[in-house]
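By letter and in written order, the chains are A, B, C and D; residue numbering begins at 1 in each of them.
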Amino acid sequence: MPSVRYREALRQAMIEEMDRDERVFLMGEEVGHYQGAYKVSEGMLDRFGPTRVIDAPIAENGFAGIGVGAAMVGLRPIIEFMTWNFSAVAFDQILSNASKIRQMSGGQFTVPIVFRAPNASAAQVGAQHSHAMEHFYAHIPGLKIIAPAMPADAKGLLKTAIRDDNPVLCFEAETLYSVKGEVPDDPDYTLPLGLANVVRGGKDATIVAWSRIVHVALDAARALEKEGIDAEVIDLRSLRPLDIDTVLASVAKTHRAVVAGEGWPYGGVGAEIADRIQRLAFDELDAPIERVQTMDVPMPYNAKLEQLVIPQAMGIANAVKRSLYRS
Amino acid sequence: MPSVRYREALRQAMIEEMDRDERVFLMGEEVGHYQGAYKVSEGMLDRFGPTRVIDAPIAENGFAGIGVGAAMVGLRPIIEFMTWNFSAVAFDQILSNASKIRQMSGGQFTVPIVFRAPNASAAQVGAQHSHAMEHFYAHIPGLKIIAPAMPADAKGLLKTAIRDDNPVLCFEAETLYSVKGEVPDDPDYTLPLGLANVVRGGKDATIVAWSRIVHVALDAARALEKEGIDAEVIDLRSLRPLDIDTVLASVAKTHRAVVAGEGWPYGGVGAEIADRIQRLAFDELDAPIERVQTMDVPMPYNAKLEQLVIPQAMGIANAVKRSLYRS
Amino acid sequence: MLATTNQTNLGSAPDARTERLVAFYRQMLLIRRCEEESARAYAQGKIGGFLHLYIGQEAVAVGACATLEPDDYVVGTYRDHGLAIAKGMAPKTVLAELYGKVTGCSQGLGGSMHLFDAEHHMLGGYGIVGGHIPLAAGVAFASKYRKDGRVTLCFFGEGAVSIGGFHEACSLAALWKLPIVFVCENNEYSMGTPLSRTMAVEDVTLKADGYGMAKDRFFVRDVVEVESRIGEAVARARKDSEPTLIEARTYRFRGHSMSDPGKYRTPAELEERKKSDPLMRARAELESAALGDRLEQLEADVEREIEEAVRFAEESAEPGPELLEASTYAGPFAR
Amino acid sequence: MLATTNQTNLGSAPDARTERLVAFYRQMLLIRRCEEESARAYAQGKIGGFLHLYIGQEAVAVGACATLEPDDYVVGTYRDHGLAIAKGMAPKTVLAELYGKVTGCSQGLGGSMHLFDAEHHMLGGYGIVGGHIPLAAGVAFASKYRKDGRVTLCFFGEGAVSIGGFHEACSLAALWKLPIVFVCENNEYSMGTPLSRTMAVEDVTLKADGYGMAKDRFFVRDVVEVESRIGEAVARARKDSEPTLIEARTYRFRGHSMSDPGKYRTPAELEERKKSDPLMRARAELESAALGDRLEQLEADVEREIEEAVRFAEESAEPGPELLEASTYAGPFAR
């Protein structure tokens, strides 16, 4: 399999699906002439022309709503936000329209739309540009949420998302775009939503992560290995639907769980996973479920403080040790 | 103490604080001439005049932002949304401005503002008007969140919120406005944020609730009593700060916990409380922490289905029995 | 200055006009009666939640929808009963929805504020002010993308013109030349808020120039004039794929919703405005055209249709729990 | 038509004008040099995150802030370094902030996009396009509420005029007659998007009529003209409490941010526009006014100030973790 970057894997997914289905189009700020703010859509304007790769002015509420309306009547829009932070001004379109129209219409209308963008911390982009927005959206029924960590998953899941008849939100990361990995070039390659992946087998403790933090968790596991601790790392890949079975099977083996992800500690995806584990594997647990999240403060600009605030391998390793009563 | 309705308790809080501090003003849709969409601000326009009780056009993003700016330079706005659902179009003002300005300015500017509105389900108002929005906002550091269930708490907490130098969000409920209770008329009466209240003592199980569901939980406790089950009911009153100590003390006694609230199951306040209990009282638990929430679907219009979807006393009672392995 | 009704420049011969007026009168009456029955059922507790009546504004939806092809789209607000019927939906599916029955257009899941009908291209009533305007622009975007020649009509109140959704939708529709007509039904009140507390200017269409969009503005007195004025905008959308902002000055005779006592306006004002009720105005013209018996016939038909619709709504079954998950997601449910 | 520079109608005698020009030139140069040093430090990895330079637009902030009293307020975007200095902040507190140092105006917590200074009433640079415009209207609302006679200047780019926040802020400011001036710095590009793909019309101020708001529009060539044009709007805000929408046509000489290669415009276009650099234009006028030695003196001062600012930023300490919780909440931390 060819080795490609996460960024190209997403691009391949969009190009293949646009080749396959002319109802699919890409709309967002700077996706066309500028070749994408993060170059994800590089070359797509030349390939598909301005009717299918559409540069939008700064009006997220407007073009998110345009995507929803176009999807209702049968198109399959891919709406790119420059970053997920900016979806906050389009929040109502996703909460009140995209996720509700099928139900409000008694099942008459569906909204086959994909919203995608980089998410969470980048490098020193400050308090307003570092939000982990999946925690807001995963709460909402009617939506599906994916957060791939690996290039092959990014491609397979995004292709499935584009073919899905429901609104799917894809959480990428600026810091993941240049990660390389083997990616199938078979245009029929897709990956079902709702399947987690055990990216590292282990017997002593289970680390549950998603998106960029999967890589941090793998670093933590490698560090723990040196100390004779064998941690299993689960990449959720999709947050809604959530593959809790894979998590429970691992916990049934390790009896210890650490949930790690970007985003503030109060509520969100991390709390949900911890709650499901304690409810569904109560008797399997030999220690409290630990959580490693972004500190409960707005993101500081200063580089050292920023690193202090976001989850690190060391913090995850320490949480694993706490769960093993080794600290 | 005089017995007044929840609605009047809120009004007393606003009137007393506006009498006391001329920096305080009320702004929102229909708060003035119309006397409030739910009559919370009835009579306040006559009392304070149009400079301090301001009818706003339908522009939540606009007047929420106006409140934030006015607060930065020393006023103390009370911004009323007609319901919390409509705050979705002002989400960015709360997420990116209100909760961040103190930190982004290195502590130079604070935002002493109160956002208040009815929240969650009313009666058959449908999918777009029934959101339990506290689950989105409680996630955000920089904000404080109150969700009183009783008239006296509504008054005491709102008065404290108006005097607080941070943004405070007050979650009320259309279905609570006419609830009566004894309310102190002493203008110096306030209630500190972050103190839960044990509204019913019990030894067999702990039910943690907030806002309207506290009353439903009390119904459940009464029903359980008939079956010889003695449930303790905790009214959180404030969700951020969250008084976890009171919850833990109760769980240390009952060894069983049920978290009940409106809002979808995935994440949110309920998951956070469950996670904190399992982390901080792991060895005290004799059973998994149960959760009773709104079903994971948009709110249906049909009355019977709506009641099926939102938490009921029976559902809470059954959860308590599950936690006691009595079902 | 607002153009006032002028029958001579409608370009339709008197008898042709009378024929149209008969058809329009029937539709307006059907809506009026349907709303009156809804109000009654609401008072009896058979309808719950919010109920926003369209009484007084019927001529707007009826005149506007008369300009459309069957495949054209409409998108509206929570005040959507009249639009639904004007677009061809049967009163019985509307009433059944208000009753929360499974035979309702949205299977009793949507309710009064969320009427949808795929067959008649009624793309919904929406409850968040301004939230549906970008969505409607997206429907028009799809028509342009597919070159299907369809037009989208988007309805909203004057209370919606201050909110961001309106502005962003107009900005994008003008920039991308979308085949849409934005119809602002200015009924002078946004809940209890009069025009003067909503906008610094009285003329909504002044905003069109800032978007580079065509505009039109008129008082709604004569339903046939509504048809011709909105018809021009629909033609512009269909032929030139150009959007238009229309302000139709109208008035609602009932409260904002059933729970609104309407203290913000005097009974005198209300009575005065009822005198120029476009429905009664149409009836009077038809009577003076000596169409008395046809009117009686027509009104009897309408009564029968409404009676049947009410019975249908009363007797229909309620939706079952099995609809909840199935209507949340297409395909297998996700958790 | 855009008004072009006309020195005769500035109402200030030539030498008075020259004196102002000297002061303005110094400020513009201070900003320019500060930005150049920031770019250098960024290239050296001493500044992180996004860095949006103001080079080319200096005349706007300098001319605008010259019309203000010390107590008046300014609110800006992420492209805020020039505004901060024009409002009186020392380059060293700006550079230290960019370096992420605790001596920075926001203690190194805010960064380049979030410069704040309570003392100089710089109410911040904001990163969400349009998000700060309602906030600025709120600051003006407070002035009207308190009758403190202050004026608020709010700056934003032409890319912000399509977004809801702009629309809602303008709607409310006009309705409530707030003492604010909305200054749209139209530099012809929104990141890589030229005007033609942002708006269907070229004239931003056409929108003012729809809000019932005063307006003005001009090309930024002469910093003294900027002062007089914006001065009129500031006077209107202070005397009559009336808002104004101003479009100042300008141009940025650097990329949108440091990471922008700027492929969307030709080097030729850029070179052409640099010829009418208001900074160089001012310098040329001062030279021809035979103020050569004063210029040398002034430029040496500026160099010294910038050198010291850089040293200050380099040598300052970084903020410590104890600031995190303390800056999140006033008073005891809430969890």
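The working rule: a residue touches a chain if its C-beta (ideal position, glycine included) is under 8 Å from a C-beta of that chain, and two chains touch if they have at least 3 such contacts.
These numbers were taken from a predicted model, which means no experiment stands behind them.
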{"item": "Chain separated most widely from subunit B, comparing mean CA positions", "value": "D"}
{"item": "Which of A-D and B-D has more C-beta pairs touching across its chains", "value": "B-D"}
{"item": "For subunit A paired with subunit B, centre-to-centre distance based on mean C-alpha positions, whole Å", "value": "30"}
{"item": "CA centroid of subunit B to CA centroid of subunit C, Å", "value": "37"}
{"item": "Rounded Å distance between subunit B and subunit D, as computed from the means of their C-alpha atoms", "value": "41"}
{"item": "Sites on subunit C at which at least two other chains make contact", "value": "106, 108-110, 114, 126-128, 131, 162-165, 168, 171-172, 175, 197-199, 323, 327-328, 335"}
{"item": "Shared-contact residues (touching 2 or more other chains) in subunit B", "value": "57, 59, 61-62, 85, 88-89, 92, 96, 103-104, 126-128, 141-142, 240, 242, 266, 296-298, 300"}
{"item": "Of subunit A, residues touching subunit C in the complex", "value": "25, 51, 56-57, 59, 61-75, 77, 89, 92-93, 96-97, 101-110, 112, 141-142, 144, 164-166, 193-194, 240-242"}
{"item": "Footprint of subunit D on subunit A - complex, ascending", "value": "29-30, 33-34, 37, 55, 57-62, 85-86, 88-89, 122-129, 266, 295-298, 300-305, 308-309"}
{"item": "Subunit D contact footprint on subunit C (complex, rising order)", "value": "162-168, 171-172, 174-175, 197-201, 206-213"}
{"item": "Complex interface listing, subunit D residues touching subunit B", "value": "73, 75, 104-110, 114, 116-118, 123-124, 126-128, 131-143, 145-146, 164-165, 168-169, 171-172, 175, 323, 326-331, 334-335"}
{"item": "Of subunit C, residues touching subunit B in the complex", "value": "48-50, 97, 100-101, 106, 108-114, 126-131, 159-160, 162-165, 190-193, 197-199, 263-264, 318-319, 321, 323-325, 327-328, 335"}
